[in-house]
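This report refers to the structure that appears directly beneath it.
Chain lettering (A, B, C and D) follows the sequence in which the chains are written, and residue indices restart at 1 in each chain.
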């Protein structure tokens, strides 16, 4: 393996990897921050519907200038387009879908995640809280992927034995996708299944507080 | 039976200092911007605001409750996140503004219960968090749950695309959000709309908010571009 | 007063009298049985909307043959028409209107009513229960009128000190309209305000278990 | 991703004896009559039925769950009234059929909570009645209230006017009733419809039941006159 091919994934590459988890027929909820561009990478060969809490099932992608509509926006004034078959509805309906367990896969950005599948993404001590719909989603989507950078900018691990920050929910994450690794959260603990290009399990373990086992099937994140 | 008001100023004339007001809209979509601007002009203070988020001023595009936040008219805010509104965050950190935060689905469900004549519900949402500390708890179906109470208001300011003269409303796309639920949960519901049509012009099967909930209708004077 | 003009009201006349309580701007919920024909007698000079739990606000009247639609029916396969401005919706929405206190006036048929405004209209002992939406309505409409014949077919009073049948709700009735009398339910007890043609207050008291006072303004039910 | 079934028989093939089934419709409107007839033909027994009412046979016009009642396929019925169905009343009085009765608004709210992932709610509805006897009680805002639990089902049989091929549904007039709520609250949701259109044919703002809730779609073979 050449040294110069060793690098963490970009956010878009992380989204590309997450998009591979979307199966035919899935309804996928995408968190408004880091996860949103996943929509751009879902295979066009399958039928899937992207859900956002703003009241849309069937988001296409970011609208072109010609499509922009002030009544069709996501977070941060992001103009959206719809795909055929889309439906628009109230917040009550949007959360019936989420909390009622009708969403096949949800993808959330987070500050920290634990080896038990706990997630902490709403409160930094001393800061103003920021929940959005995250607490409604955790524990109710059929499958939950947490997306985050593997460490803080100062290099402190964010995949932990126990979350240090106040948790959003416990035991709810099924899969972790970082810029360095893909891990499954299993009853037996974390399992490293994929690495960023050029990274060894040992190097990743050194940047991870939680202990993980390495899948017999370990590979590099395929498309990177 | 006339619900049409000639101006936003007339439509909000009786809004009082200290009122609890629901504001429809999520960020820059479906917010009653003309009513909010008029409320700033009126000088109403000490507001308890119930809204998804406090809006913002980004790149000179102002939306949501931000004009009220900026003028420090809001004493307490019940919502789901700060929408990166730096003025809101500053007032919160300085203790000038109380912020009751809910997960957004629970936020809207509390409003629904308020508008529905129900008396509160149990949910597992947030039951393992710091937010649960002061809430009544109960294990149901093996899950830890917390009790959530209804939200009601003195006024709801909502925004729809079209109203008929009796108050039936239709929304477009993400403009729906919290508006139809808030329309059920306030003593006085004031709808600002882009268009007013005659009674009978709307298909009975395609009405999002039936007119029974709507007390006042006013045509918004200015819908500024949001891009 | 001529003896031959003494008679109880017909059901349609009771409905006519109830219709006089509908004011401009009212949304009126009409129970499916005895109260439904009230819709036919509401003044055309005012704006009012008739609500039924089937999911309509803005019921017109019974549909003509030419208007009949299998997707627009009330109780007992009664085909309905709509007025301009009508909206159709789900049961959830229909009951948000009712339980949320958005209905100005509701009219329910009942087996019994008490001087305290208790109403009993869901269970005859030994019989199969029949609630419909009645329990949601009682206590939540801004004003509630109970409609019933003054006595059973065997002549036993149905306006009572205390309901003998299991109650639906307590202290919720504002006005009672029977085939013999109109009464207000007040904190001080029942007040007889109108009588059927030719009936004296004494005759009505003899057929009423509860004691009522007689309004200083007592009159014959106006249109009868 | 194909939700369209060629026949009602195929659409209900896995419905088992003892299943809990929600049936949309109120009396003669919005009832999934083709699915119900097929369920009778299939012979499914011991059903727990969740429906507004048991339907009826009046003047030779048969609607709602009546065909199942008549064949004694229902063991327990959760609903709001007997709709003067003499066969239903007879079975109830004979103790052959259990009837859990709710006020209709509470009935549909329990279904809503089931489909919503909530864990029950307090209401003043029925709190002063015999129905409250076995329920948990609590005084809230000075009002006696009872606790009501969510309703869920193995299957929901619903009826819509039109579906697109992905399962977005629209209803007409009083045909909506309990159908959209039941569509959220069952493991398997089977929609019978009068028309099937292509994906994209429906306006996103005018969809009553989004396709996410719908597992199977079948075109009803026969809609008999109801007058």
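Following the convention adopted for this analysis, a contact is a pair of C-beta atoms (placed from the backbone, for glycine too) under 8 Å apart; a residue touches a chain by one contact, two chains touch by 3 or more.
Quick caveat: nothing in here was measured; it's all calculated off a predicted structure.
Listing every chain that touches chain A and chain D alike gives B. Note on connectivity: the fewest steps through touching chains from chain A to chain C is 2.
Greatest Cα centroid separation from chain C: this falls to A.
Set side by side, B-C and A-B show the greater C-beta contact count at A-B. One inter-chain figure worth recording: chain B and chain D are separated by 33 Å, centre to centre, where each centre is the mean of the chain's CA atoms. For the pair chain B and chain C, the distance between C-alpha centroids works out to 36 Å. With centres taken as mean Cα positions, chain D sits 29 Å from chain C. In chain C, the residues that reach two or more other chains under the touch definition are 56, 82, 88-89, 95, 98-99. Among the residues of chain B, those in touch with two or more other chains are 109, 112, 116-118, 123-124, 171-173, 176, 204-205. Under the touch rule stated earlier, the contacting chain pairs are A-B, A-D, B-C, B-D, C-D. Of all residues in chain A, those touching chain D in their complex are 24-25, 27, 46-47, 49, 51, 56-58, 82, 84-89, 93, 95-103, 140.
Residues 1, 112, 115-118, 164, 166, 168, 184-185, 199-200, 204-205, 207, 210-213 of chain D are the ones touching chain A in the complex. Taken in their complex, chain D has these residues touching chain B: 109, 113, 116-124, 140-141, 143, 145, 170-173, 176, 204-206. Interface residues of chain A facing chain B in the complex, by the touch rule stated above, are 53-56, 68-77, 79-80, 82, 88-92, 94-95, 98-99, 122-123, 126-136, 139, 166-170.
Put simply, chain B touches chain A in their complex at residues 26-30, 52, 58, 61, 63, 80-82, 88-89, 92-93, 99, 101-106, 108-109, 112, 123-126, 128-131, 161, 171-181, 208, 223, 225-227.
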